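Paired with chain B in one complex and with chain C in the other, chain A is shared by the two complexes that follow.
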Partner chain A sequence: MISLAKSFNKIFGNETLPLIGFLFFIVAVFAIATPKFLSAANFGSIAFQLPVLGLLTLAMLVPILSGGLNLAIIFTANLSGLAFAWTLIQFGGPDAGWVAFALGFMFALVVGALSGLVMGFVVAYIGAHPILVSLAMMIFLRGLGEFLTRGSDISGFPEYMNYIGHGSFLGIPIPLIIFIIVAIICHIMLKKTKHGFSVYMLGSNIEAAEYSGLHTKRTLTLLYTISGVICAIAGVLMAARFNSVRVGHGEALLLVTVLACFLGGVDPFGGFGRVLPVVIALVILQVLSSGLNLLGANQHLSTAVWGLFLIGVMALRWIAGNLPKFIKWKE
Partner chain B sequence: MTSPSNEGAVALRLKNVTKIFGGVTALDAVNFDVKAGEVHCLAGENGCGKSTLIKIVTGVYTPEEGAEIEIFGELQNNITPTHARSLGIAVIWQDLSLFPHMSVAENICFDEMVGHTPKFVTTTSMNTKAAEVLARLGVSLDLDQRLNTLLIAQRQIVAIARSLMGETKLIFMDEPTASLTQTETDKLLEIVRNLSSQGVAIVFVSHRLAEVLDISSRVTVVRDGKLVGVYSTKGMTQAHLGELMTGTKLENQVVRATDHTASRPVLEIDGLSHYGEFEDVSFKIHAGEVVGLTGLIGAGRTELAHAIIGMTKLDKGTIKLDGNVTNFKSIRDAIKLGVAYVSEDRLSLGLIQPQSIADNTSISVLDKILNKLGLFSTFKKDALVDKWIKDLAVKIGQPEDPVSTLSGGNQQRVVLSKWLATEPKLLILDSPTVGVDVGARAGIFKIVRELANQGLAILLISDEVSEVLFNSDRILHMESGRIINQYNPNEVTIDNLEKQIYA
Partner chain C sequence: MKLKFIKSGLLALALSTSVMTMAHAANKTMGVVVKIGGIPWFNAMEEGIKARAAEVGMDAEMIGPTSADPALQVRAIEDLIAKGVDVIGVVPNDETALEPVLKKARAAGIKVVAHEGPGITNVDWNFEMASADGFGEAHAKLLAEKIGSGGGEYAVFVGSLTVPLHNAWADAAIAWLGKNHPEIKLVGERYGVAENVDDSRTTALDLIAAHPNLKGFLAFGSQGPIGAGRAVEERRKTGKIHVLGPFSPGQGQKLLKSGVITGGYMWNPAEAGRVFVTIGKMLIDGVEIKEGTDIPGLGVVSPDLATHNIITNNLLEINTSTVDGLAAKGL
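Moving on to the complex of A and B:
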């Protein structure tokens, strides 16, 4: 049994097993508390709500692994969504066809990538701190977006956007499919490519990584660009989910993405963390909020529970990490 | 030297000290004693139990039952760190445990400022106290300077001054000279002698045997948690002490230099200059040759190495590799053409300490572990790592363990693995034995010699004269950015060479 857990940990990381255990625990608690919890409708709603937060979390995960942060994810997503919506409207709004969609999506990706590229370039070649750089970018994008939209909603999308945001394929929600694909690509990129390897290494010690011959500057630039691209995908999905684009949509999710990363066992100082435990952490957060919602709790209360929960996890992790020491002490 | 009145009195006596950590015996019935005012050396390889011993004396660990600890003639049970401090015992750990953003005076007076009974402190009173202690050491430092702007050697002095606050009568120094140059070391040893003559006993822990024999009157050798013996340093040789520490007969150090200047030159440096660092440096390294580059720290040795690997731009001169002029724009270009650089700073530049042994080994040859899709092949990576762990006999637990869990010698083997995997033509070793055990050093140089025999050109940078003398085929002496002399190891003696360099 122990060796089984060990080999599991070797493949999926040490954080995964406890998180899965915890997920089962809270699912069981909610299932007992309310019969509505174990229903297809509830799981369906979780599956539809998770992907936007999930994509944004992946966009946050990559910079955190490098020892940085991207505070501009929400507004990068908004601006990319705006670029997408603008393209659709140029092609007739509700009448826009798939070509318009493809063009709009490309435009969104370009905007997202550009935002990331600029941040990455400044972080890598000018050596400014990622928090400051992304904060500046966040303020810039927010101002730009509000200036362009005058703070209003952009809506009037073709019918297929509704399908992307709310439809299912083979019984699986389309947003979830998009998220799973992006998550798998992220995992492969991080664990199986030279770029991903470099992200982890420079996250631990950028100078030693440079001395070992890694392209640290190029890696930094690229990783923020990738973060921007993921934001763009999230931005288009948000447009589909909300059926509109507004600068400021999803603002409250910014810090939740950071916390989801840490809940998933990502080292806040960089160098360590994996996609799978972060995804499980996201599912836990979503299950918590929908379970509380079903119990009739206020939505604001569920946000408070998220916070408490994260503090609890950190305390538990500390205890688990120090348990051997306590035992030794007694000896 | 004035003899202190309590000469011969016992400062510290340990009897039958045993410490077991979860089944592993770190110390096994060890006896240890230090006389007042004595400089006593505690010698042994990494992991032999030296630190555990210090931590027991200072109350960090509690020994197993049956141990007797006598401090200044009084039997002590249940020592706590604060208690040990009040008894006049201080420890200066290798990392110094100072506060980088506080001033010199604040660092020195730190313990007073946060004592049991908090009191108001004024900068004046603090400065007076700090100045007094520094005067006692015979050094002057700017009291307001922030610690992180000081040289390591100066920080060391601050740490000593801090340990002297209060009625300190016994100081443990853990590897105090590990990151000092020879001149700085000499200065530190003088301070130690000075303190000893003031009646302060000092327990000196060091890897550098020459120093150990120079400074201390007696040496206690510990090996694998067991006491080997207590010896007078009179008549003790470095070789014998090394044998006692490692338990194996070290190969007699002999000069093994051979002339390779007729072979094909691998590296040809001509008129290399980077103003402010080095000037007009020219030399060649031939296939199979180990060229030693020595000189004081600050002579421009590391800077020269950085220029060869493309980390700094040159003002003048050419570097030829295998007869072709190179123009490295980054270390990556240098690696591609077969240059490998083992940094002097293994902790922060040589290895990525928190990451795994496997990752640290494969980091330089990522292209070799890709499959057809351009993704990492677990199979290829495991094979690569296994091969190097075997080839260089690295002692590890699991390849997934952080490289920081290894001893200095094994870490250095991982560094060598990582660079040898790139199949270099030229290997630059910058102070490769810093923080490496005596026993492990011999192993590293054995590898170096084998590599040279396989035709590698090797540049060995070191400020330990014996290291260069016994392991090079030719010695270059660098001073103030210029190569001022060249020696044949067969024609110079160690004393002569030391005089040339440190005079």
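Moving on to the complex of A and C:
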């Protein structure tokens, strides 16, 4: 039994098993508390709500692994969404075809990548702190977006946008499919490529990585660019979900993405963390929020429960980390 | 070390406390999603919803998101659909962002009632306690009366540039003043700060400093008059700069009595909460709402069948003689 858990931990990481246990625990609690929880409608609702937050969390995860932070994720997503929406509108709004979609998507990716590139460049070559750089970028993008749109919506999208945001393929919500694909790519990028290896090394000890011959500056620039690209995908998905683009959509999700990363066992100082536990942490947060909503709880309470939960997980992690020592001492 | 501090600060932000409210299943159910939870206006609305629901034998709850972000409203409505309520009520932060999810709700057989969302298409009814033109002009007339014959400058606040109703009031007020009192001039554009006391205060302070001939603030948004009033008080301009707008009487009682806030019009949010439930109940029972239907709280209505709007004028003037009575009602 112990060896089974060990081999599981070896494949999926130490954080995964306790988090799955937690997930089952809260699902059981909510299932007892309300019969509506274990219903297809509720799981559908969870599956549709998760992806936007999920994509933004992945965009946050990559910089955190390198020991940084990207506070500009929401507004990068918004601005990419604006670029996308602008392209669709140029091609006739509701009548825009798939070519317009492809062009708009490319434009969104370019905007997201550019904003990430600038941040990465400043962090890597000027050596400014990631929090300051991304905060500056956040303020800049927000101001720019509000200036361009005068704070109003851009809407009037073709019908297939509704399908992307609210449709299902083989019973699986399209947004969830998009999220799973991006999560798998992120996992491969981090665990199987040279770039991913560099990100972890850089997060563990940037000087040691530099002296070992890793091109740390290029890695930093690239990882912020990747974060920007993920934001762009999130931005387009938000446009599909909300049928409109406005600077400020999803502003409230910024801190939740940080929370999800730390709940998923990512080291705040960088260097350690995996995609899978973060995804499970996201599911836990969404289950908590939807479950409390089903019970008719106050919205502020679910925020409080999220926070309490994080504290609980940190305490349990400490116990789990110190338990082996304790057992040894007894022997 | 500094990074650790900032990150733990971010985590602490995710914590807050609140009280849990439970709903019982059995009766017909209704969920009303408002702009933001925990502010007096919507607390009063919640009381109205609860009281009316108890009278007609329904289970109704109000969901107030933790920030005025349309993304959070979409999430809350998704959860209500999963919960399988009979009626969804909504006070939209952003009309277009809610269309897809409201469409989904109606496809699931849920009735939808909106308030302060005249442009929404996926609703059974949207009701207004005040017509946009009537409300804007009433404030404009009061401002012109207070400024008097000397003329001067005034500034306009709205809750957010994306709240259509606030902007429609502002449009009506600006148009009426432009036509009837050209000597009273608008400074700047309208400022989207009036759902936040601090933003309203700082913006008002800046405007007072920048425009020595400023004679009045028209603040459309529940916190705008309070914030602008505090700024006027700080600058000792009481009586020289008039602050007008709809606000919560309990919150603005002192400022009104000391003459900092001149007055304004409002409608009763508790009454709006009651109307939500009344219309919800009528929709469930299949009562047709047509020309001449008497809806308790709204009076005899003449609904617009094409736009699903029920627009009435139930204005209450807030002045030194009415404020105590209104505040005593918990507003």
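List of remarks:
By definition in this document, the second predicted complex is superposed on the first by the 321 of 331 C-alpha atoms of A that agree within 3 Å, B and C clash if a C-alpha of one lies under 4 Å from a C-alpha of the other, contacts with A are read in each partner's own complex, and residues count from 1 in each chain.
The rule we apply is simple: contacts are C-beta pairs under 8 Å (C-beta built on N, C-alpha and C of every residue); 3 or more make two chains touch, one makes a residue touch a chain.
Every value quoted in this text rests on a predicted model; they were computed, and no experiment measured them.
Partners chain B and chain C, brought together by superposition on chain A, fit side by side with no clash.
For chain A, the partner touching the most residues, choosing from chain B and chain C, is C. Once the two complexes are laid over each other on the shared chain, residue contacts for A:48 go to chain C alone; chain B is not touched.
Of the two partner chains placed by superposition, only chain C is touched by A:262; chain B is not. Shared-chain residue A:289: touches chain C; no touch with chain B. Of the two partner chains placed by superposition, only chain B is touched by A:271; chain C is not. By the document's definition of touching, of the two partners only chain B reaches A:214; chain C does not.
Annotation: apex chain A, arms to chain B and chain C, angle 130° (C-alpha centres, rounded to a multiple of 10). Of the two partner chains, chain B is the only one that A:205 touches; chain C does not reach it. Put simply, chain B and chain C get as close as 12 Å, counting only Cα atoms, in the superposed view. Comparing the two complexes, no residue of chain A contacts chain B in one case and chain C in the other. Chain B makes touch with chain A in their complex at residues 21-22, 331-332, 335, 341, 343, 348-355, 359, 363-364, 366-367, 370, 374-376, 400, 418. Interface residues of chain C facing chain A in the complex, by the touch rule stated above, are 3-4, 6-7, 10-23, 37-38, 61, 63-67, 69-72, 74-76, 78-84, 94, 96-97, 99-101, 104, 160-162, 192.
Against chain B, in their complex, chain A makes its touches with residues 10, 188, 191-194, 197, 200-201, 204-205, 207-215, 271-272, 328, 331.
Looking at the complex, you find that chain A touches chain C at residues 36, 39, 41-42, 44-46, 48-49, 52, 67, 69, 129, 131, 150-153, 155, 162, 165-166, 238, 241-244, 246, 248-253, 255-256, 258-259, 262, 268-269, 289-290, 293-301, 303-304, 306-308, 310.
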